[in-house]
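Shared chain: subunit A. Partners: subunit B in the first complex, subunit C in the second.
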Partner chain A sequence: MSRRTAMARWLPGAASVLLVLAAWEAAVRAGAVNPALLPAPSVVLSTLGGVLRAGEVFGPLRQTLQLMAAGYAIACVLGIALGIVMGRSEAGYRLFEPLVELVRPIPKPALIPPLFLFLGIGVKTMLFIVVLAAFFPVLINTVQGVRGIDPVLLNTARTFRLGRAAVVFKVVLPAALPMIAIGMRVSLAIALTLVIVAEMLAGENGVGFLILDMQRAFRIQHMYAWLVVLAAVGVALNAAFEWVERRLLPWRGRQ
Partner chain B sequence: MHGTTTSIGLRRLLQGMSGIALVLALLALWEASARLGWVESRNWPPFTQVLLALWDGLRSGELLRLVASTVGFMLVGYAAGSAAGIALGLLLGLSPLAQRFASPLVETLRPIPIAAVVPPLILFLGVGDALKIFTVAFSTFFPVLLNTIAGVRDGSEVLRQTARTLRLSRAATLRKIVLPGALPAIFAGLRTSLGIALVVVIVAEMVAGASGVGHFIVQSQYAMQPAPMYAAVACLSLVGYALNRLVLVLERSALPWHGAS
Partner chain C sequence: MKNHHLSAVRVTAPPDVPHPTPAARAIELDHVSRSFSSSEGELLALRDIALEVREGEFLAILGPSGCGKSTLLQIMAGLMPASSGQARLHGRPVDGPPEGMVYLFQQYAKSLLPWRSVAANVALAFEGDARYSRAQVRERAGQYLALVGLTGFEKHYPWQLSGGMQQRVAIARALAANPRVLLLDEPFSAVDALTRVELQTLILDLWRRHGLTVVLVTHDVDEAVFLSDRIAILSRRPTTVEEVIDTGIAHPRDAIATREHPRFLALRHALMERLLQRGGHA
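And now, the complex of A and B:
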């Protein structure tokens, strides 16, 4: 029974994806779409197969993912740390709040050219941009999460004479984690987007550079193949995040 | 007693000033590092020079014209994407079957970083206005859609049943029960999308490289003219700040019952 209901849930979705792919294939074959602009899915898939078999996918993909992972990790650590300072201490909040409110509304991709000019085009500059962009959602959510903690929890911790560090690690962090996770999820998508934009503008390497380069070289089938790779990365990152979230926050699923 | 309150007031004041002092100190550091040549870079203009460039750009109207055109395209795309997101979100929120059909499609398209969608879109839409509008609409669509679905889903079942008991028509139920119930969630989506919209229109302009502020910023980088570039970035930050404020004000006037939270 449960298998059948699972199938019933899963089937319409799979059917709709297949339907769209079939319609796309048919439209190209019938000549309704110019295959030079939008090749049939079968053609894209076989190009993708070729790219995968040749092993061409790993170099650029590793470059992109490494940059993203490093930037994301640094942003999360910094965001959570400053968020706890700003959430726990009134003086800390007043010290950093104006600076945060000044930098936060800057559309981060607009900072890529200035930073390239100032720091030079390179991995370090790109890393800095990813950190800067992914930092703010984590920070804002951590501050909110920490400030929203039930005072009873904090008073209990004081009653038990927990030290400052113990309060942070045993009370504050676990209680604020659901909020922090929301910010981290937003940042994950931002980090990937910023890496792609930076790679496109830097024009040296990585998946973002390749997609733009293939388009300019009019190797359209390859452009779509790399787009599929990137979409798969996006889906995989999302799924991985959800898996970790379920592990770390088992109580959230019950809400 | 009186003495303590004054000293507390003074401390509050000092604490309140500390944030502004930090910002000013950083700006002074920026100015000094550029004037005194602490930074090994030919492209590190002093802060005051950026302010001058901002002033010049605003006075000549060039910068203002660029920003206005970019924001204009952004707003058109935002309106289109949001309207589509709300409409489809109401439909999918009310019909679980439709949602089961659509959600895998949404989940395949949504995680693609928007910047990567720009190159293929250039093939179809060129590098001009249509590209900007469509890219913004595409990327604002998803947050509004998902929030609308969640808002409709979380709407009160009791209210909906009451509406059925009172024999409200489908259209009336939608307008009087479902939509107001989902409005807070929809507004949250609209606010998220607005921030995304500004980023996306700039990215589209940068990658397409034909017109707009995004293009201007990249061009200034190639021309090694940091001051006007920083002025443009400052202008965009003001726009971002103003847009966020605007949605908050709109939200408060559209959802007066929600203002307490």
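And now, the complex of A and C:
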């Protein structure tokens, strides 16, 4: 029975995807679009198959994911740390809040050209911009999560005379984790976006660099093949995040 | 005018009432006042409260809703500073949650850590103590859960338990801190009537067996009379202690028989009359 309900849930979505692919394929074959600019999905898939078989996908993909993972991890640690300071201390909040509100609204890719001046056209700039962009959603959600902790919970920690570090690690951090996870999820998508943009502007390898490079070399089928790789990466990252979230936050929404 | 003063119902205490004399003082409230700033200026919640809690007694603080009972208890607990005056525990001024005293919250569901199992919640009270190994922490948590009748629920999570069971977990955790003084803030007001009677019996039993000093804040006359040795009656805002009375009901108390005792009924009658008139309902 459960297999049938699962199928019933997936079927409409799968059908819409297949429908769009079929329409695309038909449009190319009927000559409605120029196959030099938009090759048929069957052609893109076979190109992708060639790239995969040649093992050409792993080097660039590893490069991109490593850069993204490093930037994302640094952003999460910094965002959570500063978020706890701002959420726990009124003085900390008043000190950092104006600065945060000044930098946060800037579209982060706009900062890449000035960063070239200081960090050069390369990994340092790319890493910095991923960290900066992924930092703010984690920070904002951590501050909100920490400030929203029920006073009863904090007073419970006090009546059991927990020390400063114990309060943070045993009470504040887990209590704010559902909110922090929401910020981390937003940041995950932002980190992927920024790493691709950064690679296009400053990369020498990586998926973002290749997509632009293939377009410039007019290897259009390969460009689309790498776009498919990127889409798959996005889906996989999101699924992985959901899986971790479910395992780490089983109590969410149960209070 | 009808005399509703309590001396009218005072009867001779039965001979088996435990007399905590010479009365060692566990807690002293010395001219404690507390005000809050609001949009209409300073609001005086507690005015010049003087109260002593004797070592080993069960004291109830009884007053209408919104009279500042919880505020008073939080000042005793060191969770809130007094605006003026002083709270002392065993002679030492309270300027933060002191050792040997634990506050049990009315909102047990918010006080338990939902990401921790029942046993891990209990362990919060003592796991910071380096004397206990991991295995000892687990064993001790199990012992305290056994005290409140929750053996077998160690690995459950709070949200998998009923309200009454959650409050039992909170009670086990409070005891696990090995306190001499337990402060109870309307701990049974959020559970159903039968569970309330069960928990009251449990608390009385634990109080007797562990030689605790208990201060219970409640607006429930029945509960105050059933549980306590003495009852401090609070006035309306700005709150003061109007009178402290001895209940004079023998221990051990029985959930059914004690409530039919003439002394219980007379006290309950007088206190109800008094609280209702105070609230302007009469």
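Here, the second predicted complex is superposed on the first by the 251 of 255 C-alpha atoms of A that agree within 3 Å, B and C clash if a C-alpha of one lies under 4 Å from a C-alpha of the other, contacts with A are read in each partner's own complex, and residues count from 1 in each chain.
Criterion: contacts are C-beta pairs under 8 Å (C-beta built on N, C-alpha and C of every residue); 3 or more make two chains touch, one makes a residue touch a chain.
In this text the structure is predicted, and so the values were computed from the model without any measurement.
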Clash or fit: subunit B against subunit C, after overlaying the two structures on subunit A?
fit
Can A:V171 be said to touch subunit B (first), subunit C (second), both, or neither?
second
Touch test for A:N155: subunit B only (first), subunit C only (second), both, or neither?
second
Between the C-alpha centres of subunit B and subunit C, what angle is subtended at subunit A's, in steps of 10°?
90
Considering only the touch criterion stated at the top, classify A:G163 as touching first (subunit B), second (subunit C), both, or neither.
second
Subunit B versus subunit C, judged by how many residues of subunit A each one touches
B
Distance floor for C-alpha atoms, subunit B against subunit C, superposed on A, in Å, equals 11
Touching residues of subunit C toward subunit A in the complex: what are they?
74, 77-79, 96-97, 99, 101-103, 105, 107, 109-111, 113-115, 124-125, 128, 157, 159, 173, 177
So in the complex, which bits of subunit A are touching subunit C?
150, 152-153, 155-156, 158-163, 166, 170-171, 174-175, 177, 249-251, 254-255
Flag every residue of subunit B that touches subunit A in the complex, lowest number first.
15-16, 18-20, 22-23, 26, 41, 43-44, 97, 100-105, 107-117, 119-120, 122-124, 198-199, 202-203, 206-207, 213-214, 217-218, 220-221, 224, 226, 229-230, 232-233, 236-238, 240-241, 244
Write out the stretch or stretches of subunit A touching subunit B in their complex.
9, 12-17, 20, 37-38, 90-91, 94-99, 102, 105-114, 116-119, 189, 192-193, 196-197, 200-201, 207-208, 211-212, 214-215, 220, 223-224, 227, 230-231, 234-235, 237-238
